[in-house]
Amino acid sequence: MKAVLPYLSQILEGLLTTVEITAASILLAVVMALAAGLLRSAGPVPFRQIAAVYVEVFRGSSLLVQMFWIYFVLPAFGLQLSAFAAGVLTLGLNVGAYGAEVVRGAILAVPRGQIEAAVALGFPPATRLRRILFPQALPRMIPPLGNLAIELLKGTALVSLITIHDLTFRAQMVRSVTLETGVVFGLVLFLYLLLALTITGLVQVVERRVRKSYGVPRHAG
Amino acid sequence: MPVELSWDWGYAVSCLPALLRGLGVTLQAMLAGYALALGLGLVWALLRRAAPAPVARATVGFIELVRSTPLLVQLYALYFLLPEVGVSPSALTVGILGLGLHYSAYLSEVYRAGLDAVPREQWEAARALSLGAPRTYRSVVLPQAVPPMIPVMGNYLVSLLKDTPLLSAITVVEMLHRAKIQGSESFRYVEPVTLVGVAFLVISLAAGGVIRRAEARWSSVEGHPR
Amino acid sequence: MTRPAGIPMIEFDGVTKRFGETVIFEGFDFRVNREEKLALIGPSGSGKTTVLRILMTLEPIQDGVVRLDGEPLLHEEKNGVLVPAGKAHLTRMRQRVGMVFQQFNLFPHMTVLRNLTEAPIHVQGMGKEEAREEAMRLLDMVGLAGRAKARPHELSGGQQQRVAIARALAMHPKVMLFDEPTSALDPELVGEVLGVIDVLRQERDLTMLLVTHEIWFAERFADRICFFDKGRIIEEGTPEELLHHPREKRTREFLRAIMDHT
């Protein structure tokens, strides 16, 4: 176990990189989820179809394959991204596609009567979505999106395979030097668990705030 | 900068045999891994329900740990740890073990929800008829619990399939690894990696269609076939 | 622009409405005059609710023309030809019709006051202060001025429905539609809602259509009652005529069945 101590700082650097990638990817994923989810729910037909294709393609193929494609294949089409950018882009687009379905599902789950009342009052479609449907859908979205954030965290480990020195990469490195498999991976698993719990905690804070502003007690109105 | 859309069909076709061999390994890993996950998942679910408190709690802790940490790290851990405790399975076996273990944690939750969804009255009726635990599960509970779970289980199978490329990191020569080998040999990654991506897409879309039909048949609204 | 008094407020001209394979009505004609108070009664599925929903542009029609205040509702006139209405036309026409739903459908994430001001501000472009004042006036009229800051789930069903009426009125529609407004209420709350509808009947120049099972109220409320069955108006007349001297056998059957339950 002592053998690992000098390498602790390297592991923590890896942790920092993982946090950076996670944060940046979550940002992109949220943007994509909202854009694609809203477009699919209520956008003009051509946009709906584009959003649908985006969602199906990214949900339907493997995250690692997508990451490889973006990092190794895109250069052949003229787009060379840094490993960090490729990683964040892949994670954001991939998890964003799953998020889009969560957003769409939450909007569809708003009771039909709300749409009809909004129509009856003369709200045009965009205003309807913005002021009546989306605020009611928001509280329902948060828990599943929180789960997706955890999935994203787990996905960041794959960036170690496209040369990013994240926590997983550092774990591999330190293990190969110290040969302390149990200690190193035990520690790293624990650190990921800690990150996951942090994310869960943050999501709960967000959920509480959203419920206060837009929350609807669970009984028919 | 003009986008250079070069696609060599001849080369793409020449990649196919190698990729198909990789697909074979991919499918092996998927099926064996999923079978393991199905079995272990049920074990964890039953332990949670019926084992003494410390064991149940340990099971919950284990499930949480596995579900909250990356599969890749778990694979590395198994790959390097097992030889140290005297076992030297093939890389594919380690991969199957890792996949099975990881997904058993997810599936145990599905089992748990499915079992919880069976109304209490059913358990009580079985007890009133003095059916023992094994028979209760076999004849009364599982037949009612399983059908609504099938679509969710199907989704996890597809997820597992999409995770098989991770096995390339522990030297399993599945489809993506084959693509990498092809790419590094001929310096053209476009065709092999794209083909692999399309392969996964096609398989998961097809599987998605099957799952949606299963969902329509076994919607969990009433918990029995329509 | 007010039309000459002769033109009906609402006109259905040869309207056909289908839900998939099921025909609700075919070649349906219907007229409601300006400021008329009309009650629609009849068994479930007879088409009376569908008439309201079509007027509120919640349902499309397959054939025929619906006119509101002389103007086509679901169609637009382009170069002398009637084409399906565009979004702008529908938005404009919708504001002339208000609807009160059986399930109230108040916006749960807004206070009572905001429920009333949201549409005037964001659809009609009214100023915030003006909308607030008008909303408070309407809440006062329905007897709920003190609950302006409450959320819908804090109110009883009867109170929510009264808010829903005020909300519809806030858009100053020419036509008010009531789709079984008391059917979802506990019996003791029915009276407060019907009381408000009664007040509306007396004080305002509104064309009102009421679908209801409360026959005693229909009698009090309506200038004319229409009895619907299977997508057709079997009989219509003043409350005195239709309820006490029905001519059609089907009408008599229906009224007898209803009375037996009262």
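As written, the chain order gives the labels A, B and C, with residue 1 at the start of each chain.
In this section, contacts are C-beta pairs under 8 Å (C-beta built on N, C-alpha and C of every residue); 3 or more make two chains touch, one makes a residue touch a chain.
Owing to the predicted nature of the structure, the values given are computational and were not obtained by experimental measurement.
Asker: Give me the two chains with the most inter-chain contact pairs.
Answerer: After counting contacts between each pair of chains, the winner is A-B.
Asker: Quick check for the class: compute each chain's Cα centroid; which one is farthest from the centroid of chain A?
Answerer: C
Asker: Could you tell me which chain's Cα centre is nearest to the average position of every protein Cα atom shown?
Answerer: Centroid comparison flags A as closest.
Asker: Just the number, please: Cα centre separation of chain A and chain B in whole Å.
Answerer: The separation of the two C-alpha centroids amounts to 21 Å.
Asker: What whole-Å value do you get for the distance between chain A and chain C if each is reduced to the mean of its CA atoms?
Answerer: That gives a centre separation of 46 Å.
Asker: Starting from the mean Cα coordinates of chain B and chain C, work out the distance between those two points in Å.
Answerer: 55
Asker: By residue number and range, which residues of chain C touch two or more other chains?
Answerer: none
Asker: Touching residues of chain A toward chain B in the complex: what are they?
Answerer: Checking each residue of chain A against chain B gives 56-57, 59-66, 68-69, 72-73, 76-78, 150, 153-158, 160-161, 168, 171-172, 175, 181-182, 185, 188-189, 192-193, 196-197.
Asker: Which stretch or stretches of chain A touch chain C in the complex?
Answerer: Touching chain C from chain A are residues 111, 113-114, 116-117, 119-125, 127, 131-132, 135-136, 213-217, 219-221.
Asker: Under the stated contact criterion, what part of chain C meets chain A in this complex?
Answerer: 56-58, 87, 91, 94-95, 97-99, 101, 103-109, 118-119, 122-124, 152-153, 160, 164, 167-168, 171
Asker: Under the touch definition given earlier, write down the residues of chain B that touch chain A in their complex.
Answerer: Residue list for chain B touching chain A: 1-6, 64-65, 68-74, 76-77, 80-81, 84, 161-166, 168-169, 176, 179-180, 183, 188-190, 193-194, 196-198, 200-201, 204-205, 208.
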